[in-house]
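In what follows, structures are represented as C-alpha cells.
Shared between the two complexes below is subunit A, which pairs with subunit B and subunit C, respectively.
Let's turn to the complex of A and B:
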C-alpha cells in the first residue's frame, strides 16, 4: 500500500463530479426507503429495498464507479504514466488504488444500506446485516472492477454488463451463474455473520469463501500484472 | 557514463510498422530526435522509457533492459507529451507526489529545488488547471527532474509553448546537458533542434535516416536541390534564360490545363532568388508566380534518407 497513490486516487475520486454520483446512489436508496415507509405507513420490505435494490444494484454500481474512477480515466488518457514512471511496484499501485476504491465503497455502500434499513423502519438485525452485506459486496466488487478497469479501456461497460446483465438478468434464468456471481458470494458470506433472511442461492459456504478470496487475489493481482505490462502507445 | 542503447529495434502493430530496425546510442549531452509527424518518434521514446515492448531488438540502459523494469525509473525521468490529468493538484503537490513516489529522503526540499530549477516557484501553489501550456510543461519537467535522473526523455516538449517559455525550456535543457546528463528530446521542428542539440538522430517513416553532428545534417538539408514552379509572360524564353544560370540544375516546360509553367530545379536557393528578378527584367519578361513545390519538412527528410 502506497499512501501517496491512495491519497491521489482519493482526491481524484471525491473531488470530481463522480464523487457526487457516488454519494447520490446510496442517498437515493435511503430516500426510497423513507418514501416507501411514509406512503405505506409500515416498515419497508427489507428483501425488496435492501436486497433487490440495495445489494443487487446500488452496491455494484457504487463499486464500479469507485474502482473505475481510481484507474479508468488515467489509463484512458495515458496519464497513468506519471504514476508508473516511478520505482513503485505496479502491484503496489494496483493494490493502493483498489484499497482506496474499496474504502470509499465500503463507507458508502455499508452506510447507504444501513441508512436505508433505518429509514425503512426494519429491525436492527437488518440494519447490521445490510451494513455487513454492503461492506462485503463493496470489497469484492471493487477488486473485480479494478481488474476490469486495468484490463480494458471499456472497464465501465464491462462492469455494467457483468453486474446488470450477467448477474441480474441472466442470474435469475440460469442457476449456474451463482458460481461466478459476486452477488451470490456476498449473500452467502453475509448470512453466517448477520442473522438475516437473504435469498441465498444454493451455494456452499466453503465455495463462497474460496471464491471470494480468488476474486480478491486475482482481481488485484491481475490488475497489478496488467499495469506491469502497461504500454504507452504513441499518437503516431 | 550513462548510455541508452537501441539495438536493431523494431515495433509493429499488426501489419503496420511504426519503427523499423533502428540502432542508436544516446549518450551524455543533449540529443535531438528529429523527424516529421508520424515518423515514429513517440514510439521510440515509449520504448526508450520502458513503456513499450519492442517487437524485435533490445533497448538497454547501461546494459539493463528497460521494458517494464520499474527499477529504471530511479535513473530515468520522462516528460510525456500527454497532459497531466491531475489538474486539480497544485504544481507543488504534483511534483511532491512524484518525489514521495521516488522515496526521496526529503521530498519537500527536492520539490522546492525542482520547482526552482524550472522557474515555477511563483505559480507552484496554484492548481495546474490554471496553468498555461508552458507552465504545464515546466510542471511536468519539474516532476521528471525531482529525483535528479541521469537520463531525461522529453516527447515534443516545445509543442504549444510560447516563444519566451520555449527559450527558457531550451536554456534549461542545454544546462542539463552541460551537467553531463543524457537528455533526449523529440521534435519535428528543425530550428528547435538546431538551437540546443549538437547531436541529432533523424527518423523518417520509422527508419533511422541520419545520425550525427547537427552542423553536417543541416548542411545536407540546406544544400539539397529545391524545386520551384514559375509562371510568366513568356515561359519558353524564361526557361531558356534560366538554364544559363549556375544555380539552376534543370528546367522543364510544362503545359498543365489552361496554360504553361516552368519547373526549375535549384541547387543554390539564395543565388536563384537574387538572379531571377534581374534575369527576367533584362529579358523583358514579367514573372507572375513563383511557388516552391517541396518546402515541406517531409520532403527535406525524404531527401536526407536518399542522400
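Let's turn to the complex of A and C:
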C-alpha cells in the first residue's frame, strides 16, 4: 500500500464537490426510508427499502462511482502515465486505489443503509445487518469495479451492465446467476454475520466465502496486472 | 547589395481561400443534427462505439419480437400488444442508453476544450446546445419507437385489426415522443454539468433509475395511506411514470403504475408541469454553453 497514492485518490474522489454525487445516493435512501415511515406511521418494510432499493441499487452504484472515480478519469485524460512512471509496483498502485474506493464506499454504503434502517424504524438486528451488508458489498463490488475500470475505458458502462442487467434484470429470471453474482455472495455472507433472513437463493456458505475471496483477490490483482500492461490509446 | 534586395519579399506560394459552396445556417443545423444523432448510435465512430447502443437496442427489441411471435404462432388476441406499457418493460435498457450515450454529445467537447472552437462558428452557443439536444431527442426517439413499429407492423401481419390497433398505437407513439424529450433533457443537463464521463453516466443513472424506483415505492405507500392525489402527482419525479400517467389520462391507455390520474385535467396539468421543467432544464443547458463560449 502506498499512502500517498491513496490520499491523492481520495482527494480526486471527494474533492471539488465531486463527493456530492457519491453522498447523494445514501442520503436519498435515508430520506426515502424516513418519508415512507412518516407517511405510513409504522416501520418500513426492510425487504423493500433495505434489500430491494438499498442493497440491490445503492450499494453497487456507490461502489461503481467510487471505483471509477479513483481510476477512470486519470485513464481517460492520460495523466495516469505520470503515476505509472513512478517507481511503485503497479500492484501497489491498484491496491492503494482500491483501498480508497473501498474505504469511501464502505463508509457511505453501510452508513447509508444503517441510517435508512434507523430512520425506517426497523429492529436493531436489521440495523446491524444492513450495516454489515453494506460494508461487505462495498468491499467486494469495489474490487470488481476497480478491475473493470482498469481493464477498459468503458469501466462505468461495463459495471452498469454487470450490476443492472446481469445481476438485477437477469438474476431475477435465471437463478443460476447467483453463482456469479456479488449480490448473492454479499447476502449469503451477511446472513450468519448479522443473523437476519435475506432473500438469497440456496447458495452454500462455503462457496460464498471462497467466491468472495476470489473476487477480492482476483479483482485487485488483475487490476494491477492490467496496469502493468497499460497502453495509452486515444479516445476511440 | 542595395537595401531593396534585403527587404523581405512575399512569395505567392499558392494558398487559396475556400471558394466552394457554403451551406446556409439551416444547413449547418441539419448537418450538426444528423452528425449528433448518428454518433449517438456509433456511426462515424469506431466499431467498439457501436457495440453498446446496438446491444441495448437488440435487448429492448426482444420483448416486442416475442409478443409478435406469440400472436402469430399461438393466435392469442391482440390485447397482448400493450404499446403504451412497452417502455416500462424495457425501461432499464432505455435508461442505460440515455445515460451511456448522452455524454457522447455533451461531455466530450466540453471536457477537451474543442467546444470553444465550435462556439466561435456562426451558430453560437445557444443554437449549438439546442441542436445537440435535438439530436439526442432524435436518437432516443429512434430507440423507443423501433419496438413499437415492430409490434404494430408485426401485429398487422399476424392479422390484428388496423382500426382497433391504430388509436392505441398512436397514443403510445405520442408517449414515446414525450419520453424522448424528457429523457434527453435529463441526460443533457446532467452530462453537461459534469465534465467527467464516468460521473455523467453515473449521475444520469442515479437520477433516472433511482427516480423510477423511488417513485414506484412512494406511489405504493401513498395509495395505501389513501393519499391518491399526492401519489399521482409524485409521478412527476420520473419521466417513465409521468409518460404513463399522461398516456392514461389523455389517451386512455392501460397504466403500468400504482397511481394513474383519474381525469384528463390532472394529466394535462402534469404534462404542463413536466414540459415547464424540461424548458427550465433547456435554459440551464443553454446557460452552461453560453458560459463556456464566453471564456
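By our rule, the second predicted complex is superposed on the first by the 229 of 236 C-alpha atoms of A that agree within 3 Å, B and C clash if a C-alpha of one lies under 4 Å from a C-alpha of the other, contacts with A are read in each partner's own complex, and residues count from 1 in each chain.
We take it that a residue touches a chain if its C-beta (ideal position, glycine included) is under 8 Å from a C-beta of that chain, and two chains touch if they have at least 3 such contacts.
Being a predicted model, the structure only gives us computed values, none of them experimental.
Is A:221 touching anything from subunit B or subunit C once the two structures are fitted on A? First, second, both or neither.
Neither subunit B nor subunit C is touched by A:221.
After lining up the shared chain so the two structures overlap, which partner does A:111 touch, if you call subunit B first and subunit C second: first, second, both or neither?
neither
By the touch definition at the top of the document, which applies to A:155: first (subunit B), second (subunit C), both, or neither?
second
Regarding the shared-chain residue A:8, is it in contact with subunit B (first), subunit C (second), both, or neither?
Only subunit B is touched by A:8; subunit C is not.
Looking at the overlay, does A:73 come into contact with subunit B only (first), subunit C only (second), both, or neither?
After superposing on A, A:73 lies in contact with both subunit B and subunit C.
After the superposition on A, what does A:43 contact: first (subunit B), second (subunit C), both or neither?
neither
So which positions on subunit A get touched by both subunit B and subunit C?
Dual-contact residues (subunit A): 73, 77, 235-236.
Help me check something: in the complex, which residues belonging to subunit B touch subunit A?
13, 18, 37-43, 45-46, 49, 51-53, 68, 70-71, 73-74, 76-78, 80-86, 88-89, 97-98, 100-103, 143-144
Of all residues in subunit C, which touch subunit A in the complex?
Spelled out, the residues of subunit C in touch with subunit A are 45-46, 48-49, 52, 59, 92, 96, 99-100, 108, 111, 194, 196-199, 201-203, 205-206, 209-210, 213-214, 217-218, 221-222, 224-225, 227.
Which bits of subunit A are touching subunit C when the two form their complex?
18, 21, 24-25, 28, 32, 35-36, 39-40, 48-49, 53, 57, 61, 64-65, 68-69, 72-73, 76-77, 149, 154-157, 160-161, 164-165, 168-169, 235-236
Under the definition above, what is the set of subunit A residues touching subunit B in their complex?
Interface residues on subunit A, with respect to subunit B: 2, 4-5, 7-8, 11-12, 15-16, 73-74, 77-79, 81-90, 228-236.
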